Amino acid sequence: MEPSYRLIISCPDRVGIVAKVGQFVSSYGGWIVEANHYADPTSGWFFMRHCIKAESLPFGLDEFREKFAPIAEEFEMDWAIAASEAPKKMVLLASKESHCLVDVLHRWHSGELHCDIPCVISNHDDLRSLVEWHGIPFFHVPVDKENKQEHFDRVSAIIEEHQADVIVLARYMQILPADVCAKYEGQIINIHHSFLPSFVGAKPYHQAAERGVKLIGATCHYVTQDLDAGPIIDQDVVRISHKDTVEDMVRLGKDVEKMVLSRGVRLHLEDRVLRHGNKTIVF
Amino acid sequence: MEPSYRLIISCPDRVGIVAKVGQFVSSYGGWIVEANHYADPTSGWFFMRHCIKAESLPFGLDEFREKFAPIAEEFEMDWAIAASEAPKKMVLLASKESHCLVDVLHRWHSGELHCDIPCVISNHDDLRSLVEWHGIPFFHVPVDKENKQEHFDRVSAIIEEHQADVIVLARYMQILPADVCAKYEGQIINIHHSFLPSFVGAKPYHQAAERGVKLIGATCHYVTQDLDAGPIIDQDVVRISHKDTVEDMVRLGKDVEKMVLSRGVRLHLEDRVLRHGNKTIVF
Amino acid sequence: MEPSYRLIISCPDRVGIVAKVGQFVSSYGGWIVEANHYADPTSGWFFMRHCIKAESLPFGLDEFREKFAPIAEEFEMDWAIAASEAPKKMVLLASKESHCLVDVLHRWHSGELHCDIPCVISNHDDLRSLVEWHGIPFFHVPVDKENKQEHFDRVSAIIEEHQADVIVLARYMQILPADVCAKYEGQIINIHHSFLPSFVGAKPYHQAAERGVKLIGATCHYVTQDLDAGPIIDQDVVRISHKDTVEDMVRLGKDVEKMVLSRGVRLHLEDRVLRHGNKTIVF
Amino acid sequence: MEPSYRLIISCPDRVGIVAKVGQFVSSYGGWIVEANHYADPTSGWFFMRHCIKAESLPFGLDEFREKFAPIAEEFEMDWAIAASEAPKKMVLLASKESHCLVDVLHRWHSGELHCDIPCVISNHDDLRSLVEWHGIPFFHVPVDKENKQEHFDRVSAIIEEHQADVIVLARYMQILPADVCAKYEGQIINIHHSFLPSFVGAKPYHQAAERGVKLIGATCHYVTQDLDAGPIIDQDVVRISHKDTVEDMVRLGKDVEKMVLSRGVRLHLEDRVLRHGNKTIVF
């Protein structure tokens, strides 16, 4: 993939946005390699993601930002531009279960996910060897009923220290405190092991078995202060039958969880997910 | 398909059931063309469905029932035997929406669903011509806030009059009274336009749009007195994106609804669905 | 859906296309409600589909064409503009099998497919009553080994007479002569009952049973002079198992066929399918 | 999972097989925890897989075999019985690509796949560290145009030395010699990166891109002497669009490949796959 700049815009919809942006880009010889737009008829909001060949522009990000600012102001844009080459720093939080972590680490290791992974944090020590094999520092921060605040303080400190741009809860199994959720709004990605909004909270596969559903699923979403209620990035399901016990559902569900989480993470890393209220626009 | 007898059994699981039944069938030269078993490890219950070539047995259903009774008693079986050739009487209830009704009627008309359809009942007259083209009597029984009881009395009377074995709610949009649900327990099949247990009740697509899900679905289930909470027969989903409005979701959902309803109806007509508590075993 | 104009463009990719088109549209106050672009890195070709609110422009299609012509010339565009309100004339060809025809007719009848259906042509008379119930003229044009040329001459004459914009082969089961394929290039849509390129030609389900595949499928494609080799619009599959006989596969396959055909037809009617060589860009 | 014996039977279909086997098992107090039958109407062949609780029987495998032999002879059965507890020895062959290997190793490591992995063989040294982290011996056996015979001799020797019950080609990318295929008939599992029979042979994703398909897939099958033509165990697909380059297809395809391969391997390890001619019965 050639280096490109990703221009992400949200603003009230009106005539001329595409033209104005297009004209700006082309006036400097900018070559658009991918363009996505969406005008939401319900909210009257407009969303846009353009990838511009970096070498086609005569200037870098700073000058782009400066030159583009007047347009952004005119159209009241919420906007950002990022270089595709600049890896985001992604901190992973896990517990004992390895399937999601292995999947994300393997994709990173084989070059499929473009990011840096400064460290992995877990409340158990089980996955240390696996993480360290990948050359990534592993922090074991135990947690129990008595030391929750202490645990989260330490976790927050590690995240901050490593300047995380993205925090991925790879089956971390702990509920983050409200202040952490607020501080990293739109930057924390969780995988919930049910097809939300079905089976919020603990033991969703047990709930699914109880209800006798014929499909189980997983949901990748941004974490907000409301448990399992944040903006959904991706979901998927797998068929089950009466023959599948809760153990079978756990096993089958793992495959959906890891696939959905990795897809969601990839979309986020490529700046393809725009949040608007409690929904996402995924380009 | 050659005529066969379908032997359906539920009973407490213990050693020797399969052997006893198998020996009984083979002692009369019975040829088993399809056999399904399931032992539920949680409930300790055993379920079985055998299809026996009708002509391989030297007797008919009545004599089968008589001869098999001692075995059934010994193993405390809840059981039934039915001839594959004997069509069930299936009464359809609809409202204004035609997609599910058209799908079921077309499958019946083209020989894909083996049943009789003595009549269709609707609270609107819109679908009369469609139904009558198929040579099926159409009953228009209007309903409004004032005449609910009258409506349901008339509907019940028509169902009874036509000796329905199965009642299919093909987007009927009315909540059946508790006594009707009780009377036809395990014989009323509904299609709910969401992936249950998400979005119970009215306007599930609006609820789905509100939540920002990435898949929508439909659920075919037996009707019980608890709204949208009966045993699930089948479910399916379809992928949507931020671009899909509620209207798009309604349109895309129709395809899932009709497919899932028709699959559920077919499974029921072939005696493939065994209920156990609030779950189904689908052979 | 509000009336809109659909502007469809293919041209060699270069800097400034989006800007130029966007500027043209916005200079007249045109409100873009949907925009899609694709730059094919392999062929160096650019594709674009814009929906512009009709009432936001101060002129109609003719004046649009006139004013836009210089831009089209400058960028060597292959282009078209169409009013979303103007229904295409779609002639359906069928044989004896009703599932695809019923599905398309029902979607049209319920307002889901925006088009006119001036007539249905079939080499058998079986589906006459069904078609005529919809208020659509039905032409029975028999065919046998001896009168193939005569049959196709008559079929061509009926198509021409009804000024078809689109011809849909809804399981027509005849191979159209090369001259018809050439004359209506990009306007004839076929459904093939296999997942192409597997199982080209006759009896694909028998071929699939022979090979022991675990999924069967259907393919909606434009008809060219090469049998089952034209540009693919859409495909889908359904899972089967060893238990499924060829008859089961035929039955299960019908559902995939009708869904895929109807999706493909809808995409075509909304001008969402751009052909490029033997491939399609589907917006 | 409690220890069980898996009784696998294929034989000509006739009256009384189920009864005879059931009676045999129950006469010794055998508790059947899972039972599957299939009578193929085309070939007139009967297939059966029973899981019997090991502790419910008063004897072990050897005595079972001895006592069951007369029944097997009477019904001309091709049969086997295996203890669920006895792990099969599975040798993995890989090349440079890690996704399938990582997936299988992780499932084995986390206890999801019940087998022993005595070694991994590869024609490149790239995956050594990964394999050795799992505590599994790694053999690097290079291959080039000149030393093919030598390579395969060495590979065969290693396989034999480790007494492999199953050989899994986890994107091995070499065509095994006919004698190896013959020697390990029904024991070699391959993953082909296309939806067979489409795109046999090399570079299937390039073939798929060329044809413009809208779904790509993967196929897990037993290896025979005919390239990519052996009995299919499982297949799956993933949706692509015009936007996906060959590189995208390779990436998306990897997920399908590893899922399908791991499912196939699991089914094989649990003795759920019965071969009959070029087809499989999957219980």
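Worth pointing out:
Think of it as A, B, C and D in the order they're written, each chain with its own count starting at 1.
Basically, a contact is a pair of C-beta atoms (placed from the backbone, for glycine too) under 8 Å apart; a residue touches a chain by one contact, two chains touch by 3 or more.
A quick map from chain label to UniProt name: A, B, C, D = Formyltetrahydrofolate deformylase.
Since the model is a prediction, treat every value here as computed from it, not as a measurement.
Counting C-beta pairs in contact, the pair that comes out ahead of the other among B-C and B-D is B-D. Each chain gets a centre from the mean of its Cα atoms; for chain B and chain D, those two points are 37 Å apart. Chain centres here are Cα means. That of chain C falls 41 Å from that of chain D.
Residue numbers of chain C whose C-beta contacts span two or more other chains: 41.
Arrangement of the chains shown, judged by which pairs touch: all-to-all, with no pair of chains left without contact.
Residues of chain C touching chain A in their complex: 15-16, 18-27, 29-35, 37, 39, 41, 56. Interface residues of chain B facing chain A in the complex, by the touch rule stated above, are 38, 40-42, 195-199, 211-215, 217, 231-237, 241-243, 245, 278-282. The touching residues of chain A, counted against chain D in their complex, run 98-99, 102, 106, 110, 112, 129-130, 133, 251, 255, 259.
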